[in-house]
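Letters A, B and C mark the chains in the order given here, with residues in each chain numbered from 1 onward.
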Amino acid sequence: MTAKKNISSKIKFRIGISGFFKGLVILFAFSCVIPLLFILFYIIQAGASKIKWSFLIHDELSDSAGILHAILGSFEIVIFASLISIPIGILCGIFFSENKGSKFTYWSRLAVDILQGVPSVVVGVIAYAWLVRPFHQPSAIAGSIALAIMMLPIIIRSTEETLNLLPDSLREAGYALGLPFHRVVLKVIVPCGISGILSGVMLSIARVAGETAPLLFTAYGCTFLSNDITKPMETLPHLINKFATQGDPKVLDMAWGAALILLFWVLLLNIFTKLITRKWKVQL
Amino acid sequence: MNSSIDNPLITRSENLERVINYNAKSEVSVKTKNSIKRSHRQIKTEVVFRRTLSVIGWLMIALVIGILLTLIWQSMPSIKKYGFSYVWTQVWNPTASVVNPEVFGALPFLFGTLLTSFLALLISIPFSLAVAIFLGEYYPEGWFSNLLMNTVELIASIPSVIYGFWGLAVIIPILGKSIMTSSLILAVMIIPYAASLGRSMIRMVPANLKEAAYSLGSTRYEVIRSVIIPYVKSGLFAGVLLSLGRALGETMAVTMVIGNNNSFPKSIFSTGNTLASMIALELPEATDDTHISALVELGLILFVVTVVINLIGRKIISRYSNV
Amino acid sequence: MESTIIKSVGYNAYFGDNHVVKNVNMEIARNKAIAVMGPSGCGKTTFLRGINRMHELIPGATANGQILLDGEDVLEMHPIFVRLKIGMVFQRPNPFPNLSIYDNVIAGYLLNGIKLPKSEKDIIVEKSLTKVALWNEVKDSLVKKGSFLSGGQQQRLCIARAVAMEPEVLLFDEPTSALDPISTSTVEDLFHELKRNYTLIIVTHNMQQAARVSDLTAFFYMGELVEYDDTKVMFTNPKDTRTQNYITGRFS
């Protein structure tokens, strides 16, 4: 009788432990979300009052100081980075998925893996060494190159993974119709995997849109509207860093406004990525 | 003979000629592959396309080797001047004066980097593990699980500078600038990396293994502890390594809250600097060649450390997916 | 006297060091249906894929010997021309999921970048779909995606896609093995129609199917062409004991 009771109390204890553990897991898992909500809430609260039309259409030097130069600069630098990295990235992803198992692909893929792990500040140092030091001048194009290097591995990986998911029968259907290799790839394989490729592209843009470290000594930043990509250019993240560390309450306010806009933009890109994945998905 | 019987529009050979835009008969009579290649634009494009792809493959290798060589080349002045003592010198003084000569030593920053990162890792592990277990085992499907996963992934998508700014405005007034503060913020930032990898690994645990344990009367906790965790152990480790790689290279958030002190940190509550934050702080304004090359050498160290850690992590993951 | 369209002379195919098709000599006459059968792994599919140079798409796959198409060696031709002259239908229906039914039929033109006037495209689509007995079923839903159709319809769409290019020869790699019995018999009926305009080479696991649809049958075993004869002769009076064993179900 006591032995039986002993066993059942042991089982109860074990069940109790199991329940306790579950509670612990839920507690910890959900407390991850708290800082995120806290940050979102704080930035919206601090930045919302700053978002006015004049804030968005003037640069820093105007009487009613704004951040237009940083918004446009961010756009320009990211667009140039995309122009460089998207074609190279997609073609490289195609190369990996079409040449699985070769020795060369292995080394090249390893290079991309390494590239993915390189800290953003080191990428900045590289662009600095290649394009800023030789010309004795920070330039927007150096910033674009740095961001492009950071975008490459993301685009390559997502392209490769997407294309690897496509069945071989699709390729064979193309070849059997007498299509040459490039048409099989560009007209059959890529259109079928377009959702994955696009979402990789969007993801890479979202990832670099908020990068500051590689721009500190490449695009450097400036105080007025500039369209010359061989000259320094301001970007949103750089502007936030500049204003946030100055300590002047007036510019601190502008930093919150800029932070809200940057956050909004990055979140929008992320949501857009999710939507693309759903909308363009080809039913196989 | 060659014509299609019931296509009134066009004969078979005409159709073929239209499709490939050359006279198959006359061309094949030459019977060499080269002449066919030369004769046809499509095939030329095919060859060009294949070449372009391999060139881009080579480009990736060249890019990485180029990065390494550039870092070494640019830090040569510093390497020549200080040699190995650079790594264990505790003083960083870019402005020479009569009392203090110009000298560069990376030890405080190397230590600062390792300290902030490992501290951040320690703080983040319980959280990322909890997310991984919750989403991998307790609630693997449904909108709720998706919502939590998307939210956690959102943590990774918020720009570093915003974390730093927020830390500056909210955490600093409470805790002050210190290594601990930057580790706290870093910990939040790196949660998603280990969490999402851990979650997909836990999902891959075969159902029959878990069922075997359940059939023996195990509770859910016991199944997690003695079946799931051992099964995905090395995968979880890889996830932790990847988040460590992230933490080591993280720049802006750390730079803004660590206090930027060039001396050797005395405790986790003192101010300090990391490899990345030093570069971010001093390279934009540096003009002296030795100073620049000393900063690039910090980048070289950071590059080597993060690459090694990332490669080990990826190696483990790839071994995982092969099993 | 029938004219020969395909003649295989000492054809060998390899995967790396693995010799999977051994010294095949075979003559195929125009407008006949040839069944190719044999146990799994006997090299019949590899041989079929060798005819239109699909074999070499697999990394490490090589081939030598000759396969003459109207007297021209396909191994000397560029694969693109070979594949335009020799169409292929696969084991599993593989319509292009991103194209409509209409575009799937003219995919060979579309994807090769050949501009056709709309009226001609319409004719090709209708003709091709009629040839595979699919026109009446899909004529009102031509703009829908190909993956919207049932498995049997998809497979007929794939046949239409190959037929639309007006090839000389059509290769079928176990075309009904992924289909239900009703779809299978629809596709089998098609073979009789298609034979009038094309030479058909059909790899099949199914002996009844071989007997039903083919004029001649080739039996492969361990990479060799063991026997090749009139289908009736093959099934009633096989000369080789290995063929006998296979037909009587002694091994499969």
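Quick notes
Operating definition for what follows: a residue touches a chain if its C-beta (ideal position, glycine included) is under 8 Å from a C-beta of that chain, and two chains touch if they have at least 3 such contacts.
No experiment lies behind these values; they were computed from the predicted model shown.
Pairs B-C and A-C differ in how many C-beta pairs touch across them, and the larger number is found at A-C.
The most distant chain from chain B, with centres taken as the mean of CA atoms, is C. Our note on geometry: chain A versus chain B, Cα centroid distance of 12 Å, whole angstroms.
Remark: chain A and chain C have CA centroids separated by 47 Å (rounded to whole angstrom).
Within chain A, contacts with two or more other chains are made by residues 178, 180, 183.
Among the residues of chain C, those in touch with two or more other chains are 80-81, 84, 108, 112, 165. For chain B, the set of residues touching two or more other chains reads 19-20, 42-43.
Of all residues in chain C, those touching chain A in their complex are 52, 54, 57, 59, 79-84, 87-88, 90, 92, 94-98, 107-108, 110-113, 145, 147, 158, 161-162, 165.
Contacts from chain B toward chain A in the complex involve residues 19-20, 42-43, 45-46, 49-50, 52-54, 56-61, 63-64, 67, 70-71, 74, 126-131, 133-135, 138, 148, 150-155, 157-166, 168-170, 188, 191, 195, 219-222, 224, 245, 248-252, 256, 276, 279-280, 283-284, 292, 295-296, 299, 302-303, 306-307, 309-311, 314. On chain A, the positions that touch chain C within their shared complex are 100-102, 167, 169-180, 183, 187-188, 191-192, 194, 282-284. Note for the complex: chain B touches chain C at residues 1, 4-7, 9-10, 12, 15-16, 18-20, 24, 28, 31-33, 36-37, 40, 42-43. In the complex of the two chains, the chain C residues touching chain B come out as 3, 72-73, 76-78, 80-81, 84-85, 108-109, 112, 114, 120, 123, 127, 165-166, 168, 196-197.
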